[in-house]
Every structure is written in structure tokens, then in C-alpha cells.
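So the structure is just underneath, and the comments pick up after that.
Each chain gets a letter, A, B, C and D, in the order it is written, and its residues are counted from 1.
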Amino acid sequence: MMPGKLAKTAGFLIYAAILLILVPRLIDSYERWDLYYTLTSVALLSIASAGVWLTFFIGRINIGQAAYALIGGYVSAVMVVDHGISFWWTLPAAGLFCAVVSVFVGLPILRLRGVYFAMVTLVFTEVAKMVALALPITHGASGIVNIPLPGALEIFGFTLIPDFNTLDNSRRGFYFLSVVLMLICFLGMYRLVHSRMGRLCFSLQQNEELASSIGVNISYLRIVAYAISSFLGGIGGAIFAAISQSVYPSSFAVADSINFMLNCFLGGLGYVFGPMLGTFVLYFGWDWLFQTGKYQLLIFSSILIALMLVLPNGLLSIRLPGWKKNG
Amino acid sequence: MEQAIVNGLYLGSQYALIALGLTLIFALMNVLNFAHGQLYVLGGFITYVVYGQLGLPFVLALVATAVTLALVGAAIEKFLFRPVIRRSVREESTMLLAAAIAFFLDAVILLLFGEKQRGVPKIMDGLLNWDFRIVMPYDRILIGVLSIFIIVGFILYMQYSKPGRAMRALAQDRVAAQLMGVRVDRYSMIGFALGAMLAGVVGGLLVTITGVNSGIGGPISIKAFMMVMIGGAGVISGAIAGGFILGMMESVGLFYLSSYGDITYLIIFASLMVFLAIRPQGLMGKPWG
Amino acid sequence: MSNKFPLLRKAATVVALSLGLTGLASAQNPVLKIGFVGVTSGPAAAWGISNQRSMETRAAWINETGGFEIDGKKYDIEIVSFDDQKDPKRAIAGMEKMAQEGINYVVGPNVDDGAAAVRPVAEKNGIMYFPYAFPKSLYTAPASNAVLGMVANYQSGPAIYKYLMEEKGVKKVAFIAANESDPLSQRDGGVAAAKALGLEVVADKDTYQNDTRDFVPVLTPVLRARPDLLVLSGVAPGNAPLLIRAARELGYTGLISTETAQDAQVLQEGAGELANGFISVGGASTPEIRTAAMEEFIDRYTKMFGEYNDESNTKVYALEYILETIKANPASMADVEEFKKTMDTFEAKNIYMKGDATLKYVGSTSFGQKRQVSVPMVVNEYMDGEFRTLFIAEVD
Amino acid sequence: MADVLTIDKLTRRFGGLYAVNNVSFNVAENEILSVIGPNGAGKSTLFKLIASFLRPTSGEVCFKGERISGLAPHIVARKGVVRTFQETTIFRNMSVRENVIIAHHLQSRATLFGYFMGSRNARQDEQSFGESADDILQLLNLDHVANELASNLPHGNLRALGIAIGLATNATVLLLDEPFAGMNHEETMRTVQMVQGVRDRGVTVLLVEHDMAAVMKISDRIVVLNFGEKIAEGTAAEIQHDERVIEAYLGIEDESIGL
């Protein structure tokens, strides 16, 4: 094994250990219980943002992720509430359903580029909301409420995940769930980007015509990337529905789509871990400015503007000088 | 039916005017200005203060609005977009900047003018009533006509004035324009100022009809994006067409489909998606804007 | 009205206040924190801002006069606010934050989805919250921590329709609502109520996008059905004058009503005399029934924030209920179960309304348990810049 | 020699304009065939039609007897007809070596998922592509800039990189778009050698070009287009004396005829 790879693996393991062992310890000892939820939010939002990042990676500005988060939330909620299926089965189902939807949506619209794709996906967010308001299966305007907490996940009588109702702190349960999923997600993204598939995606971002002329099936690759992206959106949405135990047509809105995109920008479009950092900074930046009262938005946006002026290529680009970027 | 068409025309004239500024900025700088709606709101509030609160003549209020917004637009271009465009690796980065500016303006407007819906006294009383087939208050007619005048004026300006021609050259091909001796920086700034001014003037005009409210910037931007997409991004005739088409679709759609519930906008949005999938460059746009 | 430069006035007030507060700090009262989770930025900012400001005005007033007395001890009231940006995910974070701060009583959220989303957190952490959202599931058992902070439309609607049917001969009703959860739910409730009264509902499907600026196209088909009464279900205060103006300019001469609170100034600016006769619901909103305390509240609010908002006529109550209930049973300050016990029998004087009106919890009919504050259901008519009382009703 | 590519009555209309009108010719295996013509003669459109980036209005292109018009470009590439572009068309933000490696895409045996999981096929692919890329880079004198970011390359190397990408696809027919444009004499001669080297590896080369001198030097045969129509076809010597060709080029500055 190459030393670089070893260092990266070690780094990842340390990071995982911090998130899964150290952070909960600190939270428990300082009794900052509210951080469980905020960190869970960050983890889930960064999963959805990772999806958006992947579409950026194939050269598409995606402002439609909230639509998939919403669909994912509804798929899980409908299955749990109306059909009594265990949350743990609805979670992958929500992701897969979104992936399937994204194939049908993506086939026509992925031919669009630039602002056109961006706008169509933005419109798609609105469409998802309106469909949720109009359909009977989503219970229309009144949303789905009173969703039970996830039950136990048992395989062959062996309890993999305990019933969340029995946990003395279900927030901690959701925290572990979300952080583990986030780690898996970003590990997967890292693999993907650094595998040949990542290179192919990158080639799409660079020049679709040339990619096509060297024999890359660009429409297929685009669909695959978009489906993965939507899958991640659906997963994020489904867990949010479980945490809030409710889902409404407005649970994920255009503002969320825009935030997902901003997370990617802020972290840096050239970096796999950009969306994670971007989400963290945006979310906590906002939270932290909570104390400034009515000037919160003013200060927040001023900082964003200043950041753009200083680091137009994202936070992670701080390392750019003398450091060869490779995805 | 007549009423629906007249409504659509009136709505379209406003929409077209909103879309014009956005498309101009896009054409010149390839920037999708998320803050367009906020500029509209700012314009509305300036007119509100000058005309509604200080009681000065409406025309004066519009002029004050135009000047202020032009200055704001020029400053945004010069101090924000220009440095970021120069230094960013991917041109999409400007979208984050535009969104941040939108947030910033939202915050400033909320702090300065408060959270309430505002309105001003009617500029004209009375209404046209043709046998209840067409009912239209005079002030709406006046604003509609004014909008069309401004649109025509804008087209003439772009067509025949020196800056207008320079901006068109810039929109055609930035590099070529530069080689031809067009001062790119200067005309980008003028273009941005002009775009912001248009947004502000519409806000000022409409404050007499629909008032103004600090929260509507974002939704206005999104609507403007849609019109620009329909017509083709960066094309002036496209923006005008897009504005009128969206206005007409809303008006006629609501007229015929209202009894089916919430589907008019669903249909508008869905057909926009289908339309763009078939014709990615919009009605009149260049492909792959 | 001196509301030309709210920011300047605000700045002055802030200075004045901070000077005042430093003077007060020496009093060394213990602090009672009350939370607010709601939307104070973005398109729906108006809803939350009037809420938050009502609370802050009342708190500043109490503190200035020496604090709120509970069990012989004076407490300073501190309002801890959280802007959820109308995002249910943020609302959860806000509620978590309140739990973290050890706050047991929270006003808000302002919308259905937020109110539903914070429920698990509130119940887990023992927080009573006072949402401004109408879904019955929030207030019916097994839910027990939410208290509806205002009169629900399914309560006020029937009373208004009945009044208009009997007094004004209304026969045909048309409904119009924004295409969003809250207004749509309210519309459905209103339609059901109207039908139950035997009214003919001539339009019950028409909606508009909340960002609509020009309502003429939206209203054109609705008004062709020639209703006697046009109900603007769950209309946002910002949209009300636009809808009224558009309807009148289309030649509509019938009645217009809504079941939510509105602001007279906004109606005045947005629709002028066209808004005359518009019927809405408020708290102790009209001069005839206001007490001196209400006048003082309005005065203080105006001084603090530059301009009063009539929506606060109802929004002033949530904080009042929380404090008075704690006063009635001091044990509930730390334990919301005590609060719940007190709710069933609680009664106190309504200082904002003339006559012998009382503060008490209601809602047994609608929710099967007392999970609603009893706000005087004052049905108003707008006339030339202010509201006039049409009639006053009670919710049980 | 057998014909690998048959262009049969190919026509493409844009609105009322014929960009390519009823053009027919064959390309024989392992030859270098150039398409020349004044500006606007329809050369680029012809290329796009052959590589199936555009659909013909009528007529067809056949590769080894099989119709390829109307297929998706990546399928045409998979069959062995690969188009390279003018200099700006490379993967700018990848290194030179990466550009060439990625161009081996058609030879990959592993699936996308296999690449993701790092299957055995994937690892073998990576290795063999790397070796082959190094080979190609050496052949085209790019080995010394292999790890440079492609966008940093000087002009001449960019053209070579374009050809390297084409080579890496292991194409049967390589369509080169103006490989000599904007080059000085020395650079052109080097590139001519490169193209010949490509042909020596068994690749059929079809090129569109302005530079007459180079075209005359390397082409086995030449097809001349004017206003979308084929006006001549033959060896360099035949073309140079064709009256219609000379007529077509009259009015064009002398230097572009060169010679």
C-alpha cells in the first residue's frame, strides 16, 4: 500500500472516530444536547449536498435537490404510516424511488446545460411541491404527521439497530445514523471521483463533445450520476421526515435547493469534501449569528460576499497555492 | 375571455420589463442575477418613500428610483462581480455571489423598510368598463402603456445608441468585442446599471398597483428566470416574448383551469420543463447559453 | 402616522432601551426566559415579526415596571428568539435550542409544517409551545404540549358566515386560498363550515401562488360566479389589500372576509377606501373595546419599533397566558405537567379588553381537551383606516 | 485496398442553405485522405456528419458496409470512427497523461461499477491504459509534458495532444480537424510526421485542412469541396491542375494556396 493511501485511510479513520466517539462524548459531558440535532442536520444536508456536488462534477448546476429530498421524505412517510413498513426498509426504498424518478426526469432535461439546466431543476422543485399538494397519496395540504419513530432493525432475530422508541435519547440515535451514512456517502463519493468513473464524469464536465467522440456514452453517464445524486437527496429527505415525524409539501422548498447548491459552492466545487465543509460552515455560521438578532441575515450575507471576494473558488481552495488539485 | 386576454397583456407588459433587465445582465456577463427581484423591491420602496411618504410627484419618484438603482447596479458590478469573475475558476461561482447579494439586499430592505406590505395612493382614479366583458382601471392601463413605452425605448436605445451597440457587440462575442476596441469593463458596468435600473423602475411603476413588500424579491427573481428561459437566455426579444407568454399563460390558464384546483401553475411549470427539453435554447436563444 | 423612518426610530429606541436596561440591571431580579421560534426573515417575515415584537414589547414593559410577580418574587422576562426561516428543519433546531436554554415555554412556530416538526422535540423535552397553526392533530390527544395561540378558522369561520347570512343576506360564497398547506387547510375548513350552514359554495378550488402580485387574473374566474361573499382563506396580511383591490376593480360589490388577523395600515396603503367593509378577525383590536392597558401596549410597541402592527392584537396574548398560568401555579415554572394541570381550571382577568372578559383555556369542542387560548374573537370591519367591531364571540 | 468508409450522396441542409450537398467519396483502408476547400465550403459540417454529431438530411455514411449515420456519436466511436477537434477541444483541467488515459475508454473491460469497486479488470485496465498512454506520448513527443495540466500546454503540443487522444481511442478511422492550423513551417512539418506515424500504426486518417502545403505533402488523395459540393477528387498532382479547383480558390489570398 502506498504511503499516501495509508495516510488518507488513517485520516479518514481518525475523522470517523472523532465524529462517532469524541463528539458524542463532548456533547454528553458539556450537556449540549441541542448539538445532536444540529449536527444531524448538517450530516443529512451534506449528504444531499454531496448529490448536488456530483451533478456539478458532470458540469450541471443542480437547483432541484429539494425535490428529491421531498419525494424521499414522502416515500418513506407513506410507506411507514399508510402501509406499516419498517422505516429501515423505506430508507433504501426512498433513495431508489428517487433514483428511478430522476431517470425519467433526467432523460430529457440532462441534455440542457448551464443556466437552462439550473432553471429547469429549480422549476422541478416547485413542481414537486405542487404535486405533493395535489396528490391524494401525499394527503395534500395537510401533510403526513404522527410518523412513528424508527423501530428495531432485526435480521435473523439479531438486532442490528435498536428500536428508537426504547432509546433514552433518540436524538443520539439519529445522530449516529446520519453520521454513519454521511461517512459512507463521502467515502463512496471519494472512491467514485478517484476511480475511472470519476475521471469520466470529469471529462463530461470538461467537454461533452470530446468525451462523446472518444466513445463515452455521455447520456448514460449523466443519468447514472444524476440518479446517484437523487438517491442521496432521497435518503436525506427520508431521515428528516423520520426525525420531524412529519412531512409537508413545504418540508423541502426552493430555499433548500438553493442552500444545497450554496453548500457546494462554499466548500469548493473542485473538492469532494467541499459540500461537507460548506454545509457545516453555512449551517453553523447561521446558527452562530443567532445572537446578532435582527442583523443576523445582514451579517451572514456580508460574510458570504466577503468570502466570495477573498476565496471565489470555495473554502477548500485556501490550499491551492503550491498544491496540485486533483478533484 | 376578453378579460383574460387583457389581463394577460397587462401582466405580460410588466413581466417583459422585469425580464429585460435580467436578460441584459445575463447576455453581457453570463451572470444569472439572483438579486434581480431584490433590486425590483428596492426600486419599489424608493418610489414608496419619495412618492408615498414624502409626497413628491410620481415622475420624480421614478427618476429618483432609476438613478439610485443604476448607481447600486454599477457598484455591484464594479466592486463585486468584476473581481469575482476575474478570479474564479468556474463561472458558476458568480451564482453564489449573486445569491449572497440577494440575501444582503433582503436584509437591508427588511431593516430599512420593515416587514409590512406597503402601498401608495392611486395615481389615477376610475375604470374602463366595457359591459363587464372588459373591466380595467385607468391606472392599470396607464402603467401597462408606460411599460410598453419603456420597452420600446429600451429597444431603440440598444439598437441605435453608441453604448447600446457596444453592449450588443459585447453580448454577441465578448472576445471579439474586446478586439474591436469595445471597453468591456465599462460597458459591463453600464449594462449592469441599466439592468438594475430597469428592475427598479418596474418596482416603482408597480408600487402604484400592487404595492411592495420586503419578502417578494426571491419569488420575483424566479419568475423572471422562467420568462428568460422561455424566450432564450440573453436575448432581448426573447425576454419580451417570454414575459408576454408567461403573462398570457397565467391569465388564460387561471381563467379556464381555475375550477380544477391547483393545476394552472403545475401545468405552466411542467410545460416549461417539457418545452425546454425539446428546445433547450428557448424560443430565440443561442444554444447552450 | 409617523412611520416614515422606522430604522431611525428604531435606532433611537435601541439606544434609549439599552440605557434604560442598564439602569434596571441593578434591580437584580431573577430572569424567566420565554422562547419564540418563528419566521422573522424572508417572504413570510411579517408573521413572526409581529409575534416577536409583541413579546418583546410586553417583556420590556413588565421589566420596566419592576418585573413579573410569581409567588411573591419578581422576575424579569427575557424573550429568546429563533428565526426558523419558515423551514421546519430549522424550527426543530430552534426548539432544541430552547430546550438547551432550559426554556419550558415557547411561542410559535407560525406555520403548520413547523408546528408539526417541533412536536417530537417539545414533547421529549417537556416544552409547552403555542403555535399559530390550525391542524387539529397538534392539539388533540395524544398530543398534549401544543396550545393554539389564536382562534382557529374552523371556529371563527362558522360564526362569521352565520352572522353574514343572517344580517347581510349572504347566500353564495366563494373561497380563494394560496396554494400552500396552511391556507388550503383553512379553505377546506371554511368550505365545510359554509356548507354546514346551508350556504351555496360557488367556488372552492381556486388558488393562487403566494408570490402572486397581480390578482386580477386569479379573481376574474372566481367573481364570474357572482358570489355575495368572497372568503380569503388564510390570507397573508401583505396579500389581503391586493386581493381586495383587484376584486373591487373587477367590479365586485359583494362582501369580502377572512378569518385571520389583518393590519389596518397595510389595508389603508394597499387598497385605500376599496378596503372599506372588509371583514377580519382580531383580538382586542378596536378602540371601543380596548382597555387603557391595550392602549399602552400599542403605544409602547410603536415607540419601540416605529410602527404598530394590528396582528399583534391577537399575538399579545400568548405571553400573557404563559405568565398568568405560571403565576396561578408557580410549580409550573419548572414543570409543564403542572402547567397542564392548571390549564383546566385556570382563569384570570383579561387586562386588554373592556368588560369582564377572562383569560382561560378552551378548545374542548374542537380538540377534546383544553389546548387553546381564549382570545376574544372580535370580528371587525375595516373602515377608513381603522377597524370597527362587528360582533364579539367566544370559543368553547 | 478495401474501402473502410463510404460517403454516399450526403446532404445536409440548414434552413434553405445546403451546407453539404450530395457529396460522395470513399476512404480506403490505411490511407490519408484530406478534405479541402475555401472557407464555408462545408468541410466542418461534413466531418460532423461523418462522426454522426449531425444527422444528414439525406444520404448516408457507411463504415465497413454498415450504415453509421444517425447513430449516437459514442456508438460511432465505438465502431472505430473517431473525431478529434481543433486545439481548444481537449480536457483542459486534466494532465496531459490523463487526457490520453481517459481516451482509452473504448478499450475498457470493467464496468462503471467495477471501476468504483476496483475490480480486477479495472486494475488491469488502469495498468494497460497507463502503459499504452506512455507509448503514445512518446510517439508524439509529449512524454516530457505528460504531467502538465493540459491547459498550460503551448500551441504545438496541444495539437499533438489532440492527435494523441485520437490515437488512444484505437480508432480504425481518425478524423482530424485542421491539425496544422496556425502553425509555423517547422511545427507543421513535425505534425506531418506525427500524422504519418499514426498512419503507420494502421490507422486510416481523414483530415480537414486549410494548409495546402501540408495537405499536398501528406495526402494520398484529396477531396475538394466548394459551396457544399464536391468539385474534385484525386491525388495531389491531379488536384493541383484541376481547373475547377483553381477557380474555386481564385480570389483567395495567394498564401493560403501556398505551394
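Note that in this section a residue touches a chain if its C-beta (ideal position, glycine included) is under 8 Å from a C-beta of that chain, and two chains touch if they have at least 3 such contacts.
Note that the structure is predicted; figures quoted are calculated from it, not measured.
Under the contact definition, chain B and chain D share the contacting chains A. Summarising the inter-chain layout, the chain whose CA centre lies farthest from the centre of chain D is C.
Here the CA centre of chain C is 72 Å from the CA centre of chain D. Centre-to-centre separation between chain A and chain C, using Cα means, comes to 35 Å. The geometric centre of chain A is 42 Å away from that of chain D, both derived from CA atoms.
Centres computed as Cα averages put chain A at a distance of 33 Å from chain B.
Among all residues of chain C, those that touch two or more other chains are 40-42, 179. Within chain A, contacts with two or more other chains are made by residues 130, 133, 255, 294, 297.
Taken pair by pair, the chains that touch are A-B, A-C, A-D, B-C. Put simply, chain C touches chain B in their complex at residues 4, 6-7, 40-46, 49-50, 179, 203, 205-207, 209-211, 213-214, 216-218, 220-222, 237-239, 241-242, 249-251, 263, 265-266, 269-272, 306-307, 309.
Within the complex, the chain C residues that touch chain A are 40-42, 81-83, 85-89, 92-93, 96-97, 99-100, 111-113, 116-121, 124, 135, 137, 179-182, 184-185, 188. On the chain A side of its complex with chain D, the touching residues are 188, 191-192, 195-197, 199-200, 202-203, 206-207, 209-210, 212-219, 221, 224. The residues of chain A lying in touch with chain C in their complex are 32-34, 36-38, 41, 130, 133, 140-143, 145-146, 149, 170-171, 240, 243-246, 248-251, 253, 255-256, 287, 290, 293-294, 296-297. Interface residues of chain B facing chain C in the complex, by the touch rule stated above, are 3-4, 7-8, 10-11, 14, 49, 52-54, 106-107, 110-122, 127, 129, 132, 135, 137, 140, 206, 209-211, 213-216, 218-220, 222-223, 250-251, 254-256, 258-262, 265.
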